[in-house]
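As structure tokens, the structure follows; a few thoughts come after it.
Read from first to last, the chains carry the letters A, B, C, D and E; within each, the first residue is number 1.
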Amino acid sequence: MKINWFKYASPATFYPVAGRLVPLFGIAAVVLMLFALYWGFLETPERLGGTNPQKEYYRIIFIHVPAAWMSMWLYLVLAGWSAVGLVFNTRLSFMLANAVAPTGAVFTFIALWTGAFWGRPSWGTYWDWDPRLTSELILFFLYIGFMALHSAIDDSRRADRAAALLAIVGLVMLPIIFWSINCPDPNNCAALHQRSSLGKIESNILIAMLTMTLGFWLYSFATSFVRLRGIILMREQDSAWVRELVADDGGAVQPKPGESDREVSA
Amino acid sequence: MLKVFWCILKRDITLAMRRRTDVLTTLFFFIIVVSLFPLGVGSERELLRELGPGVVWVAALLASMLALERLFAADYDDGTLEQMLLAGQPLSLLVLAKVVAHWVLTGLPLVFIAPLMAMQYALDGTAVWVMMASLAVGTPVLSLLGAIGAALTLGLRGGGILLSLLILPLYIPVLVYGAGAVTVSAIQIADTQPYFALLGAFLLAALVLAPPASAAALRISME
Amino acid sequence: MLEVDHLSCRRGDRTLFTGLSFTLPAGTLLHVRGRNGSGKTTLLRALCGLLRPDHGHIRWRGEPITELADDFNRELLYFGHLNGIKADLTGLENLRVAATLDQDPCADADILAALARIGLAGFEDLPTRMLSQGQKKRVALARLILSKAPLWILDEPFTALDTDAVALLERLIAEHVAGDGAVVLTTHQEVQLTRGEIQRLTLGSVPSS
Amino acid sequence: MLKVFWCILKRDITLAMRRRTDVLTTLFFFIIVVSLFPLGVGSERELLRELGPGVVWVAALLASMLALERLFAADYDDGTLEQMLLAGQPLSLLVLAKVVAHWVLTGLPLVFIAPLMAMQYALDGTAVWVMMASLAVGTPVLSLLGAIGAALTLGLRGGGILLSLLILPLYIPVLVYGAGAVTVSAIQIADTQPYFALLGAFLLAALVLAPPASAAALRISME
Amino acid sequence: MLEVDHLSCRRGDRTLFTGLSFTLPAGTLLHVRGRNGSGKTTLLRALCGLLRPDHGHIRWRGEPITELADDFNRELLYFGHLNGIKADLTGLENLRVAATLDQDPCADADILAALARIGLAGFEDLPTRMLSQGQKKRVALARLILSKAPLWILDEPFTALDTDAVALLERLIAEHVAGDGAVVLTTHQEVQLTRGEIQRLTLGSVPSS
């Protein structure tokens, strides 16, 4: 079967589709997040054992880690749509990138915030210049930069393309930045290698965490689509279909396009 | 091709020489920022020695960034940039010429003034040489990366500070390895070579990638 | 030489013109007219390729200008609301840079002659920031004398010029058109040509929102 | 009189709100500069704690100074400043209104974000309060003093960096006593009151002297 | 009203005019003419007190303008090469600020009426950065309708305006002069007045160095 993807690349077709998907994703997200919270709070061990016995507050992991994952994934999505937009010049891709950015920034912020509140009881400090924390902070700056640049430019087309270029430059730089922070001393990098402890984690915790991640993921879809619909309406004000839509709601009068005439004389 | 490159390079350097203060102010900004810190944090020798490389590099970052704001702005305001876009010459070449001129005027002087700054922070002989070398390799990367940001924020109100928001995070690797090389040079057994290898790799990558990216950004901004 | 096909442009939320088509053969001048805000500047910038139109195509000698890119730019001389000269360079230096960028091989003597012709003899060695509004504009216009580009796009070139300079500029434009060049220009004044064809294009008045 | 003051104040705040990013970028610049240092100097807690007050104050200085560049520049470029000079109103009043608006938009936010920055440098409770208080009293002085420099460098190419050259030395007393107050607050026996008395005196003096000085500078720059 | 006595000004090393004297009674228009670079803008800025002349005096109702300072400014409306409007404010907001600064007590309705008269109905609520060259100029010119100042000093007010706007501006100037105001203006075009006196002052061509 061959689907005409370009049909869906038009804002006019995508607008109602997004409208139908929003409640679907929204409800699923809420359900999954509630389930994950329930599972995380009631079905997991009361305290973690091992060398560093963590008290009840380890449960913040069910928000913290999924949020951190989402923040990185969403940046990839953002840069991906930006690249598609720049290459194929499709308006919808830029709009998608814009719609995703605030959600990504929010997850980054949540990861930082929950991390800080976790750090207080477990490390005795809100903040430490641990490589991972620093990288997350820089990711936050990249999101903020993207949004700041976009909103600093009046002309929406220039704003889209400039912000998209920035997102791509950011994506190229990101691995280098992360790596330089993780390995500030190239003489003995191997010693600093950080190992993820996810493999050894208890399965209940894993279930709760993965469910929460999925919930966050759907939440990202829902919020991005809501924002996307707003953006589409604003950008396409002039087009016939939006005018019909607005007219149905008894909306405002739209300007007519200017006419032009010409005469030739010798 | 080469003729156009030289023409733009010469033009920018002539312009800067007409207003010699421009060149000097970047330098003085650097000196002032470096000298402010001891006022803010106190003047214990040990503390300062530890701080030295970081402060000098952060100051270099800030100085380079501030000067960048004007990289395209003047040309944009008077319409010469528009003319460059329409010149029928590869835009990345023109951009590269402008960046090179910019570095010669604002980055290179920092390299030569660095020993004076190092003195204020009680750094010793080797550290001073390493600092000069790291600045010499690192500051062109700053100029090249910064050009992208300067092109993106062209003509925006509050562009200067927006530029710093966009660019400073991207400067981090250069800061880490630049300052790292100097810090490490104080330890006898440690080797600074990997640091310079990395900085050199950054420079090469930036030389290849940054001009086309800036050119693309300029075309977007001029629309 | 220049063909415009169903062009439409918008700025902000306002569509300025739609379905605009015309062809501009060699040896013609197109005088774009219209009230303030009718989209003249927008059209001219689109013709240069500085601004991407919403719809429609612009072709130069049969090929789309987006594909020609630098090849089109080399055949074009654009003169916008801004003069495109550096205030800290002298008239001579400014024109030298412009000539190199345009790849017009011309010696300093040519440039000095051009400056003298445009009425700036004696001002060649002053930084242009020391010149008056109209004198700055004259420096920029000296490029018209030096350039070999077949297509000139001029946005309100007569503003700030005194009557002598206006007469000179009219003569330059007439010569260029007579020499099989093409000119697109906007101005609120009337334009006469001694030879060559004048087309007039009037952009509609902008609808108020 | 008061009506004109309010009119200009409201105008500048409206303008900033039209471009909300302007306000946020000053703030983020501050945050980024503060966050860069640990990357340059390493992240030992003790070292950072000692550095904290100085770094935060230097960053505040730089942020305030950078934002100042735009204090009159925009009005100069579009000719509204010329109109203000010819308005037949006391120019120092107009200048004061512009400076107040500027501080509300760029200085005040720094006061509120300071605790977060203090956290990064592991400062404790009292130190955080003292830092907020010292910023609240000190940053208006920075804006007032900076206005003089901004007026003097108006319309000069490379004004931004020239401005910093003129203004940073004047900022030094504020930096010394502002950062000093925070450092001293960590020591139990020491008293921060003299520091605040001095900062307050600076503020009063600046309020009286800076607006007429800036007005005079503006008249000179506009000739 | 305005008396100029042996005025001389120089810019850079060039003396532009010396010993310039004239008086401008109420109900007169002074049209300053001259080639590009002859010193028209310089003269106008000196008359406003923005630029200090080398020699000579400028008196307003008998008193030197340097002594009157703000009192003179309140009776003056200057309109230079720059428009003096903020690009981020709408036309309405711009004029509101201008009115407060000039101490013209006028309600929003007056301002809207002025904007409508100048041909910007429908554009009142757009930030002026979204307007074309000529529309921006019109916003600034709306101040002429609102102002009560007896002395207008206008530097090339006709540039970038289309024919409708030029006609309107000519009418405004004529009304002002008829109402016992005084106007100093530069333009390269001809100026007619239905009533009131026109003086013409031609600044000499610049000596080449």
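Following the convention adopted for this analysis, a contact is a pair of C-beta atoms (placed from the backbone, for glycine too) under 8 Å apart; a residue touches a chain by one contact, two chains touch by 3 or more.
Given the structure is predicted, the values throughout are model-derived calculations rather than measurements.
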* Chain by chain, through touching neighbours only, how many steps does the shortest route from subunit A to subunit D take? -> 1
* To do: Per the contact rule at the top, check every chain pair and give me the one with the most C-beta pairs in contact.
  => B-D
* Structure fact -> Cα centroid separation, subunit B vs subunit C, in Å, comes to 37
* Structure fact -> Cα centre of subunit A to Cα centre of subunit B, whole Å, reads 32
* Please report how many Å separate the Cα centroid of subunit C from that of subunit E, as a whole number. => 30
* **subunit B and subunit D: spacing of chain centres that average the CA atoms, whole Å** => 25
* In subunit A, which residues are in touch with two or more of the other chains? -> 141, 144, 148, 152, 154-155, 157, 181, 184
* List, in ascending order, every residue of subunit C touching at least 2 other chains. => 12, 38-39, 52, 81, 88, 208-209
* Which residue numbers or ranges of subunit D touch two or more of the other chains? -> 19, 21-22, 25, 28, 32, 39, 74, 157
* Structure fact -> So, in the complex, the side of subunit D touching subunit B is made of residues 19, 21-22, 25-26, 28-29, 32-33, 36-37, 39-42, 47, 50-51, 53-55, 57-58, 61-63, 66-67, 69-70, 74, 157-158, 160-162, 164-165, 168-169, 172, 175-176, 179, 183
* Residue numbers on subunit D that touch subunit E, as the complex places them -> 3-4, 7-8, 11, 14-15, 18-19, 74-75, 77-80, 82-90, 222-223
* Interfacial residue positions of subunit D with respect to subunit A in the complex -> 19-22, 24-25, 28, 32, 35, 38-39, 43, 45, 48, 119-120, 122
* To do: Report the residues of subunit B in contact with subunit A in the complex, numbered from low to high.
  => 148, 152-153, 156-159, 162, 165-166, 168-170, 172-173, 176-177, 180, 184, 190-191, 194-195, 197-198, 202, 209, 213, 216-217, 220-221, 223
* Asked: Touching subunit D in the complex: which residues of subunit A?
  -> 116, 125-129, 134, 137, 141, 144, 148, 151-152, 181, 184
